[in-house]
Each structure stands twice: as C-alpha cells, then as structure tokens.
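Next come two complexes, and both contain chain A; in the first it sits with chain B, in the second with chain C.
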Partner chain A sequence: MIKVTNLEKSLGGSKILNNINLNIEKGSIYGLIGPNGAGKTTLIKTLVGIYEPEAGKVMINGESIKENTKIKSRIGYVSDFQYFYPNFTVSEMAWFYRNTYPMWNEEKYNSLKNIFKLPNKKIKRLSKGMKTQLSLLLNLSISPEVLILDEPTSGLDPVIRRKVLNLIVDEVSINNTTVLTSTHNLLELEQICDHIGIMYNGEILLEENIDEIKSKVRKIQVVFNGTIPEEIKNHKDVLHIDYKGKVYQFVVNDNLDEFIEETKKYNPILLEMIDMSLEEIFIYKMGGVGYAFEDITL
Partner chain B sequence: MFNIDISSSTPIYQQIIDSVKEGILKGLMEPGEKLPSVRELAKMMTLNPNTIQKAYQELEREKVIVTLRGKGTYISADYKPRKDESKIMEVKDLFKKGIVEAHYMGFKKEDIYGIIEELIKELEGVESNDKGN
Partner chain C sequence: MHLKILPFRNILIKKDFKIISWICLFIVFSIFMTMTLGIIREYRNYKYMVNYFEEASKEYNKEDLIKQSRGSVTGYLKHMGRGSSLAQMIIIPLVLSILLFSEEKRNRTFEALSSMPFTKYEIFFNKLVLCFITIVIANLINIIFLFIVKGINKELGMLYSMKDIIFWSIRYVYIVLAFLSFFTLLSTITGTTASFVVISIIFLVFPISFPLLLKLNLGIWGVNSSILMEIEKIGFRYNMFSIFDVNRLTLSIFIPLTIVFFIISIILFYKNKTERSGETLEFEKLEEFFTVGVTICTSLLFGLLSSDFSIGFGIDKFYLAIGYIVGGVLGYLAAYFSIKLNRVKG
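So, the complex of A and B:
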C-alpha cells in the first residue's frame, strides 16, 4: 500500500533522509520509533506530499503521490502541530473538510463527534490535546485509505489516549485502513502495531514484524557442568552472552531449536528460557548492528 | 477471559490462543459458546485486529473454534484434543522446565507428583463447580 524506495531528502543544506526504503502492506499498522531529530517528521511529510523527494520514490496504492489529488484525498494526516484556521469554530472546520474531501462521511463524523465531545469553540481557544483530537476526528471522517499519524497520542490524557488507540484499531478492523504512526512510546507500539521501524540519523536501522522478532530472538539461561564449550560460545546465532558465575545467559538471534539441540549435546545442568521485553530485544538487535540503544532512544 | 501481557516475550497472538485453550480447559468457555468478533476483541483489548485474526486462524486450524459465515466464531462443539508430535515435545519441555525449577527449590520426586495432582484437582474442580452452578 505504501512503498518508499531509496528516498533522499535534504533540508537547509543538510541531509535529513538517507536512502529510506519502506513497504507497508494494506491493513497493517506500522510504528515508527526514533529519537528527536531522527527524521521521522520529515519522512512523514515526504510521504504525504508536503515535501518533494530529492531522490527516490513514494508510491501509495501503486501511484506516485506527486500532484495526485485523487490519492491525497484518501490520505488522513494528523501532523505534530495542527494547522487550522484559528478563527474557525470546530463546526466551521468540519464544513471546510466536508467541502474539500469528496469521500467525507457525515454519519461517521457525527458519531465520532459524540465520542470526542469537543466544544464548538473557535479553534484558537482549544488546547493542544483538543486540537489533536479535532485533527483525528476530521481525518477519520474523510474515509481514509491511508492514515498517517505523527505522534498522535502525545499531549493526550490517558483516557483520551486509550480512546484514540481504540479508534485507530477499530478503523483498521472495519475498513482495513493502512496506518503509519510515529511515537516515543514503545509499549504503545507493541500493543497496536504489527510492524516496527527504528529510525536513527535519517536511516531506518531495523524493520521488524513484532510477532516474528519476539519468537525469533530469545534469551536462554544455561549452566554447564564445567567450562562453557567453545562451540557454544562462538555459535553463529548467538547475539550476546552474559554470565554470572556458572550461569550463562545467551541471547539467540534465530534458529532457537537448533541452538538448544547443540547445547544439549554438552549435557547442561540447567537450560531454561527467560522472558525478554521488546525493548530488551531491540537493545541487543541494535547492538548487533553497532549501535547502543541509549543512542537510539531518549 | 483474555489475559494479555503486552510486554511479555510471548507474541500477543500466542497469548490469545493460550487464553482460549485455558478458558476451555477451566470451563470458563463452553463448547458452542460464541467468541467476540475480531473487531469486538480488538476494541475491547486495544489490540491490532491482524494479531487477533492470526490467533483465530490458528485456533480454527487446530479445530478449537469454528467460524460460521455471517454468524460469528464459536468454540467447537466437538473439540477433541489431538496429540500431535510437535505439541507433545512442547508439553514435555514445559514439564521439564517446571521440574528443573522445582528441583532447584529442593523439591523431592514425591513433592513434584503431589504438586501435579494438586494442579489437576484444581483445574477439574473449577470445571465441575462451573457445571454444578
């Protein structure tokens, strides 16, 4: 549904996006995570056609988005800062969207309006969180095929945050909408996304299916009778080794069954799986490509 | 009914599968009972609908649930547990982990048998109580 190939973009003379490749399937919820200044917002703005790519292509539903109003009318975009006419009321802004987007769904707008309960004030009188909610409300009402959200839950209270996540999930359930969302909250991504991309310094360092990475990357605790065999220490699938006394902890990247079989040959006294969070998985994975996780987050 | 821990290393779809199976075993869900739709469950738990779809597909493949077109998803009325090879290995491994753990806590062989019997009683107890009500 969203296909980005070899995308490059510079702003003010410095390179912001460096050879970005993305492939997001229809009905998928893709989470983009990365520190401030990684290039998330620039990537998003290039995806929705606000910025023009310097090199490479952005294709949505097989078509280039450049000057393509047909495609753009089906992209819902919630930006990090909301650019509404400050003297318009909420209803007036809805009127503007109703007359701009051909697939506007009045019924959906009315039912969402009841969920968000926004006061019909001038937009300049709304708080930041309320403006984000208004943007979500309007962009869900245009019957989007693609929903692009730039930190949609930042600045929202926990109740509204949950509501927003539920609306995103429901939108995907009913209309099979494709969603790309950026956030700083890994747990939130874990909850609603099926794919995660980690961005750092203008590049996508890792792109993973969450279920797959969770079943592939595992931590195992092993105690050998005597010293650790060299074959296990240098096993090709071992991403990381830690030890305290006789207890070794292996982080295995892939082929878990094979590694366990290999280990069993040396009659370990103890062999058990240890729980590992997605955050931990990423720490080891990033370590594997030469980055420390502290560089990536915060 | 569905016990999901997002930060666990067990994939969420696997946790849904396990929850349904455990629910049936404990008698919390009965054969023929209707399950929430993918959409309902996604909204209820704030989870990705694709994840729930994947869990339901796997449960359907294992014949634990059936989907009737246009009607919904139900716990199979005639669900008979099958003992396939890979599952047996998996279950054995689970026991092994528990036994190793127990051993390190100083349990003797007899204590471990006792624990197993206690657990079976507990699970069966829940089932018969449920039917009694």
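So, the complex of A and C:
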C-alpha cells in the first residue's frame, strides 16, 4: 500500500532522512517510534507530499504522491501542529473539507461530531487539543484509504485519547484503512499497532511485526550458583544486563535459543522468561545503537 | 469544475474569498470614494454655480456650464483621479498578495494545502483568478451604479459618458493587475509577511532611489558621471510608478511585463519549498545577494546622512566614510539577523 524506497531528505543543511525504506501493507496499523529528532515528522511530511525528497520515491497504491490529487484525495493527515485557517470556524473548515474530498461522509461527520463535541468557534480560539480533535474529526470523515497521524493523541485528555484509539482501530477493521501513526506513547502503540518501525538518526533501525519483535527481544531472569560467567556476560546477543544480588536479568536480542543453551551449560539455579513491554524493547534496542539510558527503572 | 488546461477549483476560490471578502468591500468602497465621488463632487460644483447665477439673477449659459463640468470630469477620469486613487491601486494588490500568499506562508496553511488534493498550479491559478474577479466585479458595481444614476438623474448623467467610465475601469484593472504581478513575484521569493513588505517597498523605489543615492554619493567625491545621470533619468522614467501615465509606450512595456511577472511567479511558486515558509527568503541562493544589497544601500544612505553633519566644517568626506562604515555594519547585521532569526529549525 505504502512503499518508500531509498528516501533522502535534508532540512537546513542537515540530513534528516537517510536512505529510508518502508513497506506498509494495506489494512495494517504501523507505529513509527523513535527519539526526538529521529526524523519521524520529516518522514511523515514527505509521505503526504508536504516535503519533496532529494532522492527516493514515495508510492501509495503504486502511484507517486508528487502532485497527485487522486492519491491525496484518499489520504487523511493529522499533523502534530494543526495549520488551519485561523479565522475560519469549525463548520467552515468542515465545509472546506466537504467540498475538497470526494469521499466525504456526512453521516460519519455528524456521528463523530457527537464524540468530539467541539464548539463552533474560530480556529484561533481553540486549544491545541481541540485543534487536534478537529483534525481527527475532519480526516476521519473523508473516509480515507490511508490515514497518517503524527502524534495524534498529544494534548488530548485520557477519555478522548481512548476514543481516538478506538476510532482508529474501527477505521481499520471496518474500512480496511491503512494507518501510519507516530507517537512517543509506546503503550498506545502496543495496544493498536500490528507493525512498528523504530527510527533513529534518520534511519529505520528496525521494522517488524509487533508479535515477532516481542518474540525476538526477550528478558531472561537467571540465578547462577556463583558469579556470572564471562561468556554469558559478554554474549553478542545481550542488549542489557541488570542484577540484584545473584539475580540477573538479561535482555537478549535474537538467537534466544542459543543464549539459553549457553546459559544452561553453567547449571543456573533459576532460568525463566519475563514478558517485556514494547516500551522496554524500545529502550533497550535504542541502547544498542548508542541512545542509552542509565539505570532505567520500569 | 476541474478543467485540465485551466484548473478552476471552485472550492479554492470560495476558500480564498472568505479570506479576502473584507477587501472586496474595501475595493468597491474605495473606487466609489475616488472615482464615483469625484464625479458627484463635480456635479455639486456645477449645481453650486447654477444656484449662484440664479440667486444673483445673472445670465448664464447652462450648456457651457455643463460642458465645463463635463470637461473637468473627463480630465479627472483621464488622469485616474487624485493621489488617493493612485495609492489604492498600489495598496490593494499589496494587501491581496499579503493575504493570499505571505499570510498563508506565515500561518503555514500552505503546508496543510500541500497535503490536500490540490496541485501547486491549481492553488496559484485560482488565487489569481479570484483577484481578477474581485477587481473586475468591484469596478462593475461602480459602473452599474453610475449607469443607473445616469438614468435617474439626467443632469448628473450629462457630466460623464459611460465610455469614459468603462475606460477608467479598464485602466484601473490594468494598473492593479500590473502591481499585483509585481507583488506576487516578490511574494514568491519571500517567506514572511514582514520580509515581503520590506522588499516590496525597496524594489518599488529602487529604480528611482538607487541611481539617485549613487549619484549623490559620488557627487560628494567629486565624480559627476553623465552615465549615472542617464541611469537616474531612466530610473525616474521607467519604474512601476510610470504605469500611471497610460500611453502607448507604457502600455507596450507594462502589459508584457505583467505577463512575464506572472509567468516567473508561477515558476518560482512551483519551486517554493514548504519547509522554507517562515524564512526571510524562499531561496537560499538569494540570501547572499540580499545581504550584500542591503549592506551597500544602507552604507550609501548612512554615508549621505552623516555627511550632512559636516556641512560647514569642510570635512564631509571623513563623515561620509564614517557613515559608510556604520551604515554598512548596520545593514549587514540587519540582513544577517533577519535571515538568521527566521531560520526554520530542521
């Protein structure tokens, strides 16, 4: 559905996107995560046609996004900052969207209005959260084939946030919409996404199905008889070691079976798997590329 | 409606009309205040004369009075009225360019439009169409008003011909469109409203002011160049303000120039990058030219101003040099910081 090939983009003399390759299947919810300054917003803006890349291509449904009104009419985009016409009212913005997008659904708009309950004020009088809600309202009402969201729940209260996540999931399950969402809230990502991409320094470090990534990066709790063996301590697949007394917790990336076999050679008293959240996986994975956090308490 | 060659998009025109609707009313009002009211003023003068003669029981020839008043009206219309109508023909396209181009960059609404199903050509084209429609309709309203008045008040109607009114309106539209093309071009190279206004003023007066500035500075150094005098004459004769003198020569210059400005504007608009909205200049390559230009002009201006302090002391060249240095430094810093402070973060 969305295919990005060798994408490169610089801003202000700095390279922000460096040879990005991405493949998002139709009907999936793809979560894009990364630290601040990773290039997520730049990537998203290039995907929707706001920025033109220096190299590479963005193809949606096999067509280039550049100046393609047909494709853009099927894309809903909720940005991190909403740039609406400040002197337009909410209903005037809806009028603009209604007459721009051919697949505008008036019934859906009316039912979503009851959920978001926005006052019909001028845009400049709305708070940041209200503007985000307006953007969601409008972009869901256009019945998009592709929905691209840049931190869509930022600035929203918990109740609306929950509703928005449900709406996104409904959009996918009912209309088979393809969703790309970027967020810092990994808990939310874990709840709704089936694929994630981890971005760092303008590159996609990892792109994986969530279940698969959770199966690849595991936490193992081990208690050894004596001190931790050097071979285990320096194992190539260990991302992080934490310990309290004799109890060691290893975060292992790939080759889990090999690591377990190596560990068993030292007859540990205890060896068990511990579930990891997506947040933990992200933190330890980023630590593997030098974006380290010290003494993380989770 | 979406035709391939002429990409009319009603929704874009309607959207932009919501933004400029107040200026449409202003155009109608200002044409009325300058052109229509000018005619009514002349009619009032005529009535005053008639009343004067009748009250004084003096003989007068009504036909001659009408002819005289009609001549005043014709002259008034031919020279586009008073200074206020000339000013509005500059201010209106300036404000239209600000609202439709510069403010969209400042508010980052161009960014939103870029993600929507519009091409750059559609966005640009429909803005120009709206400007043209607005200016023409404002004139049509006044034409229709004067046509109705001609039918209702025969005496007032005798002071002007519809042919003169229509020619006035055509000249008005031509002049406003020419200035619009000039300002639109400048809006495609500037990224903020402030830089657009400043650069517009600079380029409006540049053909007159720069040769004059150069001539005055060189004069203090004892250099009297005939070439410079010629350049100054050309600058005075051929600048945007020359368009108010509507004749074959100016028409042959400004009509093609308007078309060329619009064509260059659309090319530059296409090349505008959304990420540079909010920067002083849209194109990085212009920054050096801008900095050098501002430095030189400020330097020359300050040199001239500071040499005035030395009148009577006979050391004007010393003060001139000081002025060059101070002006140059100030100009450079102004240009440098206006670019730096508006630098969009990557």
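Definition applied: the second predicted complex is superposed on the first by the 222 of 298 C-alpha atoms of A that agree within 3 Å, B and C clash if a C-alpha of one lies under 4 Å from a C-alpha of the other, contacts with A are read in each partner's own complex, and residues count from 1 in each chain.
Just so it is clear, contacts are C-beta pairs under 8 Å (C-beta built on N, C-alpha and C of every residue); 3 or more make two chains touch, one makes a residue touch a chain.
Note that the structure is predicted; figures quoted are calculated from it, not measured.
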When chain B and chain C are modelled together on chain A, clash or fit: fit
Partner chain in contact with A:Ser14 - chain B first, chain C second, else both or neither: second
Partner chain in contact with A:Val172 - chain B first, chain C second, else both or neither: first
Partner chain in contact with A:Met103 - chain B first, chain C second, else both or neither: neither
Contacts of A:Ser277 with chain B and chain C, given as first, second, both or neither: first
Partner chain(s) touched by A:Asp194 [first = chain B, second = chain C, both, neither]: first
Which superposed partner A:Lys214 touches (first chain B, second chain C, both, neither): first
Partner chain(s) touched by A:Glu67 [first = chain B, second = chain C, both, neither]: second
Chain C versus chain B - closest C-alpha approach in the superposed model, Å: 26
Shared contact residues on chain A - chain B and chain C: none
Interfacial residue positions of chain B with respect to chain A in the complex: 6-14, 38-39, 42-43, 46-51, 54, 97, 100-101, 104
Residues of chain A that touch chain B when the two form their complex: 27-29, 162, 165-166, 169-170, 172-174, 187, 190-194, 210-211, 214-215, 218-219, 270-273, 275-278, 281
List of chain A residues in touch with chain C within their complex: 10-14, 16, 45, 48-52, 67, 69-70, 72-73, 75, 77, 79, 81-88, 92, 96, 99-101
Touching residues on chain C, where the partner in the complex is chain A: 10-11, 14-15, 18-19, 107-109, 111-112, 114-120, 122, 273-275, 343-346
